[in-house]
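In the part that follows, the structures are each spelled out as structure tokens.
Presented sequentially are two complexes of chain A, the first with chain B as partner and the second with chain C.
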Partner chain A sequence: MWRVGLLSGLLLAAAPAHAFIAYVSNEKSNTVSVIDTDSWTVTKTIKVGQRPRGIEFTRDGKFVMVAVGDDDTIQVIDAKTQAVVDSLPSGPDPELFAQDAAGKILYVANENDNTVTVIDLEKRTRLGDIQVGVEPEGMTISPDGKILINTSETTNMAHFIDTSSRQIVANVLVDARPRYAEFKHDASEVWISSEIGGTVSVIDPGKHEVIGKVNFEIPGLRKEAIQPVGIAMTKDDKTAFVALGPANRVAVVDVGARKVTKYLLVGQRVWHMAFTPDEKYLLTTNGVSNDVSVIDVAAQKVIKTIQVGELPWGITIAP
Partner chain B sequence: MIVRVWAVAVLTLAAASTAVHAADPRYPNWPCAQAKVPEISLAAVWAGPELGDAETKWKDDAKVAALVSKLSARKTPMDEAEKSVKEFLSGSGSDKTANAKLLFAGLFDTLNAQRSQVMNGLERVSRKQRDAADKIREETIQLQALQGASSRDDAKVDALSNELIWKTRIFEDRNKVVRFVCEVPTAIDQRLFALGRLIQQEME
Partner chain C sequence: MIRWLAGLIGWSLAATSALAAEPAQIGVGYLGLAGTKSTLSLVEQPAENDGVAGARLAIEDNNTTGKFLNQRFTLEERRIKEGEDAVQAATDLAARNGFIIADLPADALLKVSDALRDRGTLLFNAGAIDERLREADCRANVIHTAPTRAMLADALGQYLVWKKWSRWLLVVGSHDEDRLFADALRRTATRFGAKIVQEKIFEDKGGARRTDSGVTLIQRQIPVFSQGAPAYDVLVAADESEVFGAYLPYRTWDPRPVAGSAGLVPRSWDASQDQWGAIQMQNRFIKLNARRMTPLDMQAWTAVRMIGEATSRTNSGDVQKVTDFIKGPDFSVAAFKGTKLTLRDWNLQLRQPILLVDGRMVVSVSPQEGFLHQVSELDTLGYDRPESKCKLK
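Entry: the complex of A and B
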């Protein structure tokens, strides 16, 4: 009896302290699925504009911004009412965006007109445009907010943009079709995935040079199926997860060694990912199997699959 | 005037059709946005036990072969396909694992072959579209020359502009078809993965 009491006490202690809320953009069904990380179920499906892709919470956690490319805008969802309440003035066909650390300025990659739009998030107005390479996509900001990195799918470059002058200060050539950029939390490296090249380039942001590469090889899998897209790094900068598209796997990478330690089988055509704020779980969007995989970060295991809308693309979790 | 508008539209169209997405240097004729994966690898869709000789033997089992052809047909709705898989495996008794392997091996072969056929077709059409775009571009230049000639031959101008309009229409229609057909390989991937997942679940 005493033992049972102790056991249930332990179980209780192991249960998550509080649930988080994840928002997933479904590119084909023009919806956003809301997932509760306690029950791991979809609690609401929000109708949004056409072709929702890039999605992110505002820093204060009050709103969710979602780029609806075919409507040429970014919609704003109120996290409390879970309804679209406003829109932001992006350029044509916005795909991905990044906000500064304070959550005041938003930089939007507009896939169709080769520009990055700068938006004041408080006033929700457009501050200006930056001319970049063809088909801009990946976007990230350095932890100090001084450098914005934008990748261009067609010119195979990472553009380094000074956020104060809004000028390109360097272009770094990476492998074919760069899709996503991620800074290490200590700002010492930027990692850029190349979908067709099948690699992740590690760049020294001070020298603007490629200083290393992460390569992927999965026994029994054609090289063409390995298409790196999303990158997620733990706060201690020790472990990175790289989504490998139609390889249907997420690679676990030792950041220091730049070597893959494990491949986790998730759903089909995995692209983007988000950690829960406590970093216990990593959620991935699987565009072809129309689901989200939940990875237990410490155990490096897939523990759950959640069906969402059609063609899940991006994911964000409330801070 | 109308002809000129057309010509401009055609040129823009022809240019756009080749630059919608960054081309993969390995497959210059691949017209779809998703980078080409020439065939599905077993490791991408199957985490179950090794298929072993099931990879060749599934064809010899009449029941499995019939079920494979039913499940591989796109006209068979997924819920019906899933029901058939469950019925087949639950009625397999002690042969369940062996039958599951045979069934998946058959689906893998058949759907992969189906997918290759569609992809080859897409690349063939894409090559033809490129030639058509070149031809339209050439004839547009010819037409402009005819229109600007000092002794303008109206009959010839009309004939060529009509032909151009016709060719452009075909070009546009084919482009639409290509975009539509680009979704087929993905739909096949989806079917194979979903059925594979179900078969693995049923084996547990």
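Entry: the complex of A and C
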């Protein structure tokens, strides 16, 4: 008994290093669930605007930004008080966004009017718009901050935008309905998921060419059910995780070989993912089963499921 | 870094020359009949621009993409008035447009397709749901974005069977197309194990669809008409002619749901469909056309998007190249239905999920879970390859 007490005391002492806070946007509930990664429980549910989807911490970790598409704005949640404190002037129907390394400029994909809106995060004002393809969605910035990538879902392109001139410098055609873009940390490749095409395109950002593709095949599952959306890459650029939507699985991909090594069964219609900062865990949002799966990254195993609000969509974890 | 710069310079050179070149012009014609047909429900009365409005939105979507590829799409609309020759109108359109979206009755479409065969024009059948256009009368220069009656009937039947509403009272109108839809429904019942407990004919005796005291009369007529049927789970109506279908719900002798041409209706599209990113497209459509999007609009939109998809994948506006790509094994198009749409290569029919709608909401989407197929579950809807009578020529 005494020994057990001591043990748990030791564990508790070690706990703070592992306790992170995850924020999950629930598209249908119009809420954000706050998850404590120590207890793996929802500690708070925050009411936000209508149809929350894209969600991200500010670089300083003080605020969480959440795109509430049907209210045509991005709301700002204070991470300390866990309440909505402000909103940002995005364009109509914001879905996903990306911020620069300094956390000063925010780029927002506005699905309804084929534009990317540029926002000054400090002044919380709108700096301008960039015209892109039909239904802009995925957004990411190169590690050096010079290139912004936006994918447009009906145009089926990745648009390469120079962040200083705010001009498109290249357009790369990918498979149907590109949803998400992710740079390798060494900036040598951009990975783009195509939901309807069922592939991930690997683009050389220097040549602006598709240099490879990741294909998925799950025995016993029809091909149409494989719909890649979220991509998460480990910091060493060795392993990528790709969320496969209604296939209810996350693919583990060997980045160098561009081959799937394993499929992990998670909840239904898995959308997006986020690593804990120590990269021990990867959390996935499962839209149809209304839960979050926790993947042990090293073991490549699903270890936990946490019930959240209705149709969980995006996820961000405090830095 | 140097490679990076070199890439940028290379690109800007390419961009300059691309900008200097004239954009590739891709002409799309839209051929339909003048005038609209009358519906029982005033709410469902089609607009004058039904169909072409969807084509127009897809032209805009294609042009947004086209500006990155130096391609420019144009739309030319032509309406055939009564007594006018469809072939002549089509030939005239084909002089300026390599692609034609057609919303024509089956016979007119066949005449047009035969007349344009040697010219190489690619036709898209956006309007006619007749089975025979994909079967005995199929043509190699006609791609079908409209679903068929059998696809619609199967989509409905799968849901009714899933719901365990397997005893059907079938009510059929007295016009040819009503009988064709009834044929499709009977085939569905046989395929999926539903039982048609009785068939009734609803005779079209003429008369106006708009009257000042219609409701009072209908309320007395329909219970009497549906009285005395054997035990059934659902009344399935085949009334493409819009003579009685919409009068059935809530008025049957037995309290039973209605499906088919009224009540729960199978459709390629609905203004209430908001899943799989469709809300963006519905918003774009309303902004452009100041009304909501119909199935015909969607069928035309999909046709024009198929052309745009092929021109961007082939980086070409050449009709032959585009046609080959669309008919080839790598073609697919995204159309807000949760899955990619592909062509049945044996008859050029677009595979597609079918929505089951009640006029206000999407109730379900077929194929239903559990209806399996070795190639594509979408092929559980309609005639499959082994049954096909089509020989493309």
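We take it that the second predicted complex is superposed on the first by the 302 of 319 C-alpha atoms of A that agree within 3 Å, B and C clash if a C-alpha of one lies under 4 Å from a C-alpha of the other, contacts with A are read in each partner's own complex, and residues count from 1 in each chain.
Quick note on the criterion: a residue touches a chain if its C-beta (ideal position, glycine included) is under 8 Å from a C-beta of that chain, and two chains touch if they have at least 3 such contacts.
All of these numbers come straight from a predicted model, not from anything done at the bench.
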| item | value |
| --- | --- |
| Side-by-side fit of chain B and chain C on chain A, or clash | clash |
| Partner chain in contact with A:Lys207 - chain B first, chain C second, else both or neither | second |
| Touching partner for A:Glu153 - first (chain B), second (chain C), both, neither | both |
| Which superposed partner A:Val42 touches (first chain B, second chain C, both, neither) | neither |
| First (chain B), second (chain C), both or neither touched by A:Asp93 | second |
| Which superposed partner A:Gly197 touches (first chain B, second chain C, both, neither) | second |
| Touched partner set for A:Asn171, first chain B, second chain C, both or neither | second |
| Touching partner for A:Glu224 - first (chain B), second (chain C), both, neither | both |
| Touched partner set for A:Val302, first chain B, second chain C, both or neither | neither |
| Contacts of A:Gly133 with chain B and chain C, given as first, second, both or neither | second |
| On chain A, positions contacted by chain B and by chain C | 135, 153-154, 156, 176-177, 196, 222, 224, 246 |
| Residues of chain A that touch chain C when the two form their complex | 93, 111-112, 114, 133-135, 152-157, 159, 168-171, 173, 176-177, 196-198, 205-208, 222, 224, 246 |
| Touch list for chain A against partner chain B, complex | 135, 153-154, 156, 176-177, 195-196, 218-222, 224-225, 227, 245-248, 265, 267-269, 288-289 |
| Partner chain A, residues of chain B touching it in the complex | 19, 21-22, 24-26, 34-45, 47, 186, 189-190, 193-194, 197 |
| Touch list for chain C against partner chain A, complex | 3-4, 6-8, 11-12, 61, 64-65, 68-69, 277, 280-281, 283-284, 305, 309, 312-313, 332-334, 338-340, 376-378 |
